[in-house]
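All chains are identified by letter, namely A, B, C, D, E and F, in their written order; residue positions are counted from 1 within each chain.
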Amino acid sequence: MSTLIIAIMVPFIAAAMIPFLYKKIVKLHIGWFAMLVSTILFIYLARFIPSIARGETFAHTINWMPSYGINFAAYLDGLSLILALLITGVGSLVILYSIFYLSSKESLGHFYTYLMLFMGAMLGVVMSDNMMVMYVFWELTSISSFLLIAFWYQRKRSREGAKKSLLITVSGGIAMLVGFIMIYVMTGTWSIREVIAGAGGFASHHLFIPAMLLLLLGAFTKSAQFPFHIWLPDAMEAPTPVSAYLHSATMVKAGIYLVARFTPVFGGEAIWFWLVTGVGLVTLFWGSFHAVRQKDLKALLAYSTVSQLGMIMSMFGMGSAALYFGYSTESVVYTQATFAALFHLVNHSTFKGALFMVIGIVDHEVGTRDIRRLGGLATLMPFTFTIAMIGSFSMAGLPPFNGFLSKEMFFTAALTIHEAGIFSLDAWGTLIPIIAWVASIFTFVYSMIIVFKTFLGPYQEEKLEHPAKEPPVGMLIAPGILALAVVGIFFFPNLLGDYLLTPAMAGIFPSFATEGLGVSIYAWHGFNREIWMTIGVVVAGILLYRFRTYWMGIYKIFDDKWSFNSLYSYVISFMEESSTTFTNSYMTGYLRDYMVYIYLFFIVAIGGTIIYTGTYAFDISGNAPITEFEWILTFVMMIAGISILFAKSRLTAILLNSILGYGVAAFFVLFRAPDLALTQTVVETVTTVLFLVAYYFLPEWQKEDVPRKSRNVNLIISVSVGVIFTVIALAVQNGKLFESISSYFEDSYKLAGGNNIVNSILGDFRALDTMLEVVVLLIAGIGVYTFIRLKAKKEDEHIENQ
Amino acid sequence: MIGAMLYTSLALYGIAIAISAYRIIVGPSLPDRVVALDMIGVMLVSAIAIISVLQGTKAYLEVILILAILAFISTIAFSKYIERGVIIERKRDD
Amino acid sequence: MNNVLVMPMIIPVIAGILLIFLRPYIKLQRWVSFLVMIVNAGIAVYLLNRIQTEGILRLDFGGWEPPYGILFVADSFSVILVLTTSIVTAICLLYAFSSVGKAIENMYFYSFVNFLIAGVNGSFLTGDLFNLYVCFEIMLLASYVLITLGGRKAQLSESVKYVVINVVSSWVFLIAIAYLYGTVGTLNLAHLSERIAESGQTPLLTVISIVFLTVFALKAGLLLYFWLPGAYSVPATAVAALFGALLTKVGIYAMIRIFTLLFYHEPSVTHTLIGILAGLTLIGGSIGAIAYKDIRQIVAYNVIIAVGFILVGLAIGTQAALEGSIYYLIHDMIVKALLFLLAGTMIVVTGETRIDHMSGLIRNYPSLGWIFFIVMLSLAGIPPFSGFIGKVLIGQGAIETGSYILLALAFISSMFVLYSLLRIFLNSFWGETIISKEDKVPMKKGWIIPCMLLSGGTIVLGLGVEAIAPYVLDAANTLMNPQLYIDAVLNRN
Amino acid sequence: METLITILAGVLVTVATYLILSRSLIRVILGTAILSHAAHLLIMTMGGGLKIGSVPILGEGNGTFVDALPQALILTSIVISFAVTAVALVLAYRTYQETGTDKLDELRGMKHE
Amino acid sequence: MKINNVILRTVSKVVVFIILTLAIYLFLSGHHSPGGGFIGGLVMASALVLLFIVYDIETVQKAIPVDFKKIAAFGALLAVGTAFGSIFFDVPFLTQSFAYFDLPFFGKTELTTVTIFEAGVALVVVGVVVTIILSISEDV
Amino acid sequence: MNGNVMIEFIAALFMLVGSIMALISAIGIIRFPDVYTRSHAGTKSSTLAVLLTLLGAFIHFAVEQGFYSVRLLLGIVFVFLTAPVAGHLITRAAYSAGVKMADSTVEDELKDVLDNRQDEKGE
């Protein structure tokens, strides 16, 4: 089905069109266009449900980088379809809601562009078969989320929240990328399907565990798992439709999707089990525990989302244990956790989406989300209240709402798994149902807070910005539909289960026979342990809610100073400050310091290699004899050279430099190089003249008044550099390996018509060097001219003087 | 015999150069140094002449001439530097 | 006849010389220079395709057979770089037209740019070690002049450091060549490779290779990057963009060439050292990138990070890693030029250099802001922009060889890149708009179009990897098999 | 002889390095000039044996010549170092003119927080 | 202070003549004996420098009214052009050719493109050296 | 000893004598008390040394290789021409730069002349 790829591309095309449409069409709200796109996609995807339910899968590939096996491969199976439907379905509702929520004064063009970008990216994530392409879309979701969070970029908090979410999710994404690459190195394919097909074949590879950990890092950051959850509450700076869509219903599910997708590969491993389950449970507890203390409704929902995501994550973890046993009738029992996870995934999207929209309505209508200022809205906003109640009770796990069903299944899974007897579960397994239960109590408490603190209790109009009233009908449609779904699923859970969840199970447990995987969901299954747990939750929850003033003091222990949030801010500010201090400490802007580093590197690297390889042997037996004149000349040059260091005036220094130059020329004569001697003498003279001309304008040579310590450093460095230079040179003279090619040039007359070999080399054999050297000279000449002629005007200086 | 004489005179020139170099290093005044440098240049001319005799090649005769010329030029440059501070003037002030 | 091989170097040289005569005709100078770059790009494309069918091309100057004469060798690696250089330069020139100003243009600006490019292209193409030195010198001298052009105080004090450090590094280069010549008695790269292989790279040769490493580390800014942030902060924007895009890349090219063609026998010493240096460079660059609020500094440290990143590929030295390095090299040339152009434009329109003094620019200059956003993502290696594939391949190489520390450093460094640029974006582009409509410096077309072209480049390169994949594959293949190069140069097939 | 010249070159390198590490710009530039002398002497010793063979001009001497290639290289290098020295000198001059100092520690450039 | 320069000027006239002759000699003989374009150019440049030292810039420029930058550029063009010329003859870039002719008076004479190449080099050297020295000296 | 060897010997002798002269002038350079006297040693006697040496070399080449070097002759002329001028310029520069004369100096004739000229200008 090639339309799959088109389906992924459609939102992107829409995103590209929206800015233009926004400019052209002034009358109509641009959101309608976006909604149209998203609804069409939903319908298109929904058409796949029957065939997917029959166990079919769809794939289509377009080549992108076939050389590297990275291709645009779309793949649709049950698991993808659930998420794809959520993305487009919730997407349509959110857009509908946003049309009424956002005032037309906002830059809607940007908003819907980002939203469409996100939708496309998200579809890409869940429908990509190629890991690299999936990564592409994965990062795109982070980016579009970044843009949406900072939609009101004038606000500092928006920017900070956007920054935090981008940094955390992209870091995770990069970790995931490395994990993907490791999988590629192990399996030689980028295709997820092929990796799954070969699963088990590389479990003993030494990269297996690192790849798994990195992959989980990506999943955990994206799904806001403990301790990476900190970005999610800050992401609530985004407009509420965005929070409803990205930060509860879809994007944060990408991590969960990833875990589900790779369960066939890594499931059955103890590390995977413990990490996914453990992190999930900790997140579940931590999120629900902190949700209770929140005063901002949106923050409360954010923590509740964190907690719910943890719950789903932990269920996937528990379900993965089934793969340890391989397929058998006993092991199918454990897959129920996974089924529950998928079920809750859907449920969570429905009730949390509805709740976010409700909170948005409250915020929109009364101008605040602070529960200390809210209360008694139930009578004024009855519809809103109803929806909020449905959502909250579903979240709390009460019948007759879908949350009850999945919560029950969660308890079942938690109870089943700790009896599995693997992965040292007998030692720690008991903790699983306990944590699950405790967290559920807190979940119950905050759900009650939403309902009772907002809608019941005293109505304090003076604290609100606007008096409360029902919102426009349009705004209620979307949450209403979601609330209906919440109830509908409770009554007809198996419709969902048979058509969507069971096929998805096949994607997660491909090695299991499909028939055994389906689970029939029943609202009532007798007075078993689960129902007693639920009753316990309700009782304990009500008690805790009633007496919360007595135990809220417990949160004082969790001071803000010690939260992960402040750790994040501390790390960021510490990094910036210490990096400035550190960089300033060595980037002094002082040439000498830089040269010291460079020479030190020279000494350490080269000296070290010399010692390491032992290349300091040399003998002087093959040397040419030295005449007295040469001794004297060498001696004179050495003395002259050293005297430069002690010269009192610059003229003396120049003169001594000239001695060196003429001395070198004399050596050229001794070494039978007339051309060089000629050139050297003339160049030396011209250089001397140049020095004279330029030094006239420079200040008089002053005594170096540097501290003794740095002088000693200079001395040590220069001597070491000199010694290393000499040692290598001597070693080279001793270690000649091959004859030089230069004997060829001795035929220069025959070859190039010149008797002067050097000149023939310069003018013919290596004429390019000469030509380029001429260019060098030319550049120098013209350059000097421009140096002197082009002087900055005073007004040009202003930039660096700041 | 002849070779010995040539080597001897080369060595003598070397000593003369060394002495002049000593003068350059100790100074005391700038003109002293310039005089010594001029002398080194001239001594080198002679030394090169002897070397070319020793090596039996005519290749250095240009060097001799050039060295002489340049010793002259640099001496003039230095003396002008000492006298006026600037060695090339834009416009003569006389 | 392969005379076309010399064109990428000789055309700029001739143009540079001719422009000296055409000093009063600035408009003409502009378009001649631009045309030269376009022609060069065309030649590079032609050469690239010929290499795929005919193998490595060479041109013996004066008809002197290697190893005696000098020759230019065009393999995919060098020609790809020539091509990128030409395109990037052409675009930077477009920017220069409306930014450097008459006073500087009148001072032979375009001649120097042409000479710079001649040096760069010559360095990419030459097959002779000493000629490489000469080409380096052309490039450096032109850069000395370009960096100082304008004569502001800061320019002078920074270029003094730049010049002195480069003079010293050129000196080290010279003595390294001398040592190598003394040991193996030849200068032709292929011949050197053959002789070194024959000797099995004696310990002495390893020592000499470290001397070369020092040189190229200085030129490329591998750990020895102290000159870089200052030097790249001072020149005119277009020049800084050229420097950022090209200069360190030549050092990188030379290092890759030398350590894949000549000194590949003792990787436990040389490549380990390169790996350590690359790692330290990544650390130093990452820390530097977030240390400052001066936008020019941030940008300059980003150059350093990229150097480390590319050379991680060399240190790892597998086919995949080298391919990754090549992709990243191309990517970095384009994107660094763009980044410098953007930073320069931001400074010009606001008159500020510190990011905390700018705010809300996206309102005033939306296209500038979005291009910056693209660059940010591209540099952080986020797909589908061009940095992505290079990163993946280098990562793949690192994993295959078990270089986990380098792997970690390389990928963590891209977080620092992202963070450093994100800071600019959040501070300068977002936030309250402080420039009112009236005070706004109008955005010139000549500024924004080059930026758009380059950002288009990074997108096209990212999506169209497949288009250049065969060339890159061939380039890396040649680097992995020095014998191919030797055979092509010394006629041994 | 080779050893002696090498040691001489080593001494020059030491001197030049010391000068380059000093605080005043004019010393640094003098240092770079001396570096090139050392390099040229080094290249000279890198050819075949010193003083073996005659001047590399055909028709002089009898058949064996000294290694001509290093001589050609040195020639190129002399020219280049002349060009570089000229540029560096003028740069120093302009820097002094513009900033009024040749002390490198006063030429630190831009200050950052 | 007025300085009597008669001695210097008198001698310089002779010396400059000698130097220029030598320069041309060196330039031409480069192919067979020490010398060549580079050294010839340098010697010529030093003759000019001597003139500048002995006289002053304005006087000399009045006598030799050329822009030395353009001389340098022209020289470079000549050198590169010689190299470039080989392209039109479909031989490798930079191929130098030489031939022997029997000319009256000179006998067997060698003509080679290297000479043109070297002339370019010489011009560059003269132009650049003089440009550099003049640039600094004029900037007071 | 035939003629050629004899002449070669004479050539070598020239050179040796020249070098001895050079040594003597070097001794002068180091022993004389002030720059004015040193310049005598530095320019005049060393010129003689060079002339002798170059002459020796000229004779040597003339006899041994039958090669009459114009360049050497030119060199001789050149040194003969320039060395005194150089000496003159340096001493003059030294004088106008105010280098002190040795304590043993008896008379400074130029001083009066210059002073007079200064006075004329002053009027």
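Here, contacts are C-beta pairs under 8 Å (C-beta built on N, C-alpha and C of every residue); 3 or more make two chains touch, one makes a residue touch a chain.
Given the structure is predicted, the values throughout are model-derived calculations rather than measurements.
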Item to check | Shortest chain-hopping distance from subunit B out to subunit F | outcome: 1
Checklist outcome for this item: Touching subunit B and subunit E alike are A, D, F
Checklist outcome for this item: The pair out of A-D and B-D sharing more C-beta contacts is A-D
Next on the checklist: Which chain is most central here if centres come from C-alpha coordinates alone?
Outcome noted: C
Checklist outcome for this item: With centres defined as the mean of Cα atoms, the chain at greatest distance from subunit D is chain A
Item to check | Taking each chain's C-alpha mean as its centre, the one farthest from subunit F | outcome: A
Checklist entry - Which integer distance in Å separates the CA centroid of subunit B from that of subunit C? => result 48
Next on the checklist: Report the inter-centroid distance (CA atoms only) between subunit A and subunit B in whole Å.
Outcome noted: 70
Checklist entry - From the C-alpha centre of subunit D to that of subunit F, how far is it in Å? => result 32
Checklist entry - Hey, how far is the Cα centre of subunit C from the one of subunit D, in Å? => result 28
Checklist entry - Multi-chain contacts in subunit D: which residues touch at least two other chains? => result 20, 25, 28, 42, 45-47, 54-55, 57-59, 69-70, 75-76, 79-80, 83-84, 86-87, 90-94, 98, 104, 107-110, 112-113
Checklist outcome for this item: Shared-interface residues of subunit E (touching two or more other chains) are 8, 15, 18, 22, 26, 32-35, 38, 43, 46, 49, 69, 73, 76, 80, 83, 94, 96, 128, 132-133, 135-138
Item to check | Residues of subunit F engaged with two or more neighbouring chains | outcome: 74, 78, 82, 85, 89, 96
Item to check | Interchain pairs in contact, sorted by label | outcome: A-B, A-C, A-D, A-E, B-D, B-E, B-F, C-D, C-E, D-E, E-F
Checklist entry - Which of the residues in subunit E come into contact with subunit F in the complex? => result 1, 7-8, 11, 14-15, 18, 22
Next on the checklist: Using the touch definition from the top, list the residues of subunit D that touch subunit B in their complex.
Outcome noted: 54-55, 57, 60-61
Checklist outcome for this item: Counting only contacts in the complex, subunit E reaches subunit D at residues 32-34, 38, 128, 132, 135-136
Checklist entry - How about subunit B: which of its residues touch subunit F in the complex? => result 1-2, 5-6, 8-10, 12-13, 15-17, 19-20, 22-23, 29-32, 34-36, 38-39, 42-43, 45-46, 49-50, 52-53, 56, 58, 61-62, 64-65, 68-69, 71-72, 75-76, 78-80, 82-83
Item to check | Touching residues on subunit D, where the partner in the complex is subunit A | outcome: 1-28, 30, 33-34, 37-38, 40-42, 44-59, 65-72, 74-76, 78-80, 82-87, 89-94, 96-98, 101-102, 104-105, 107-113
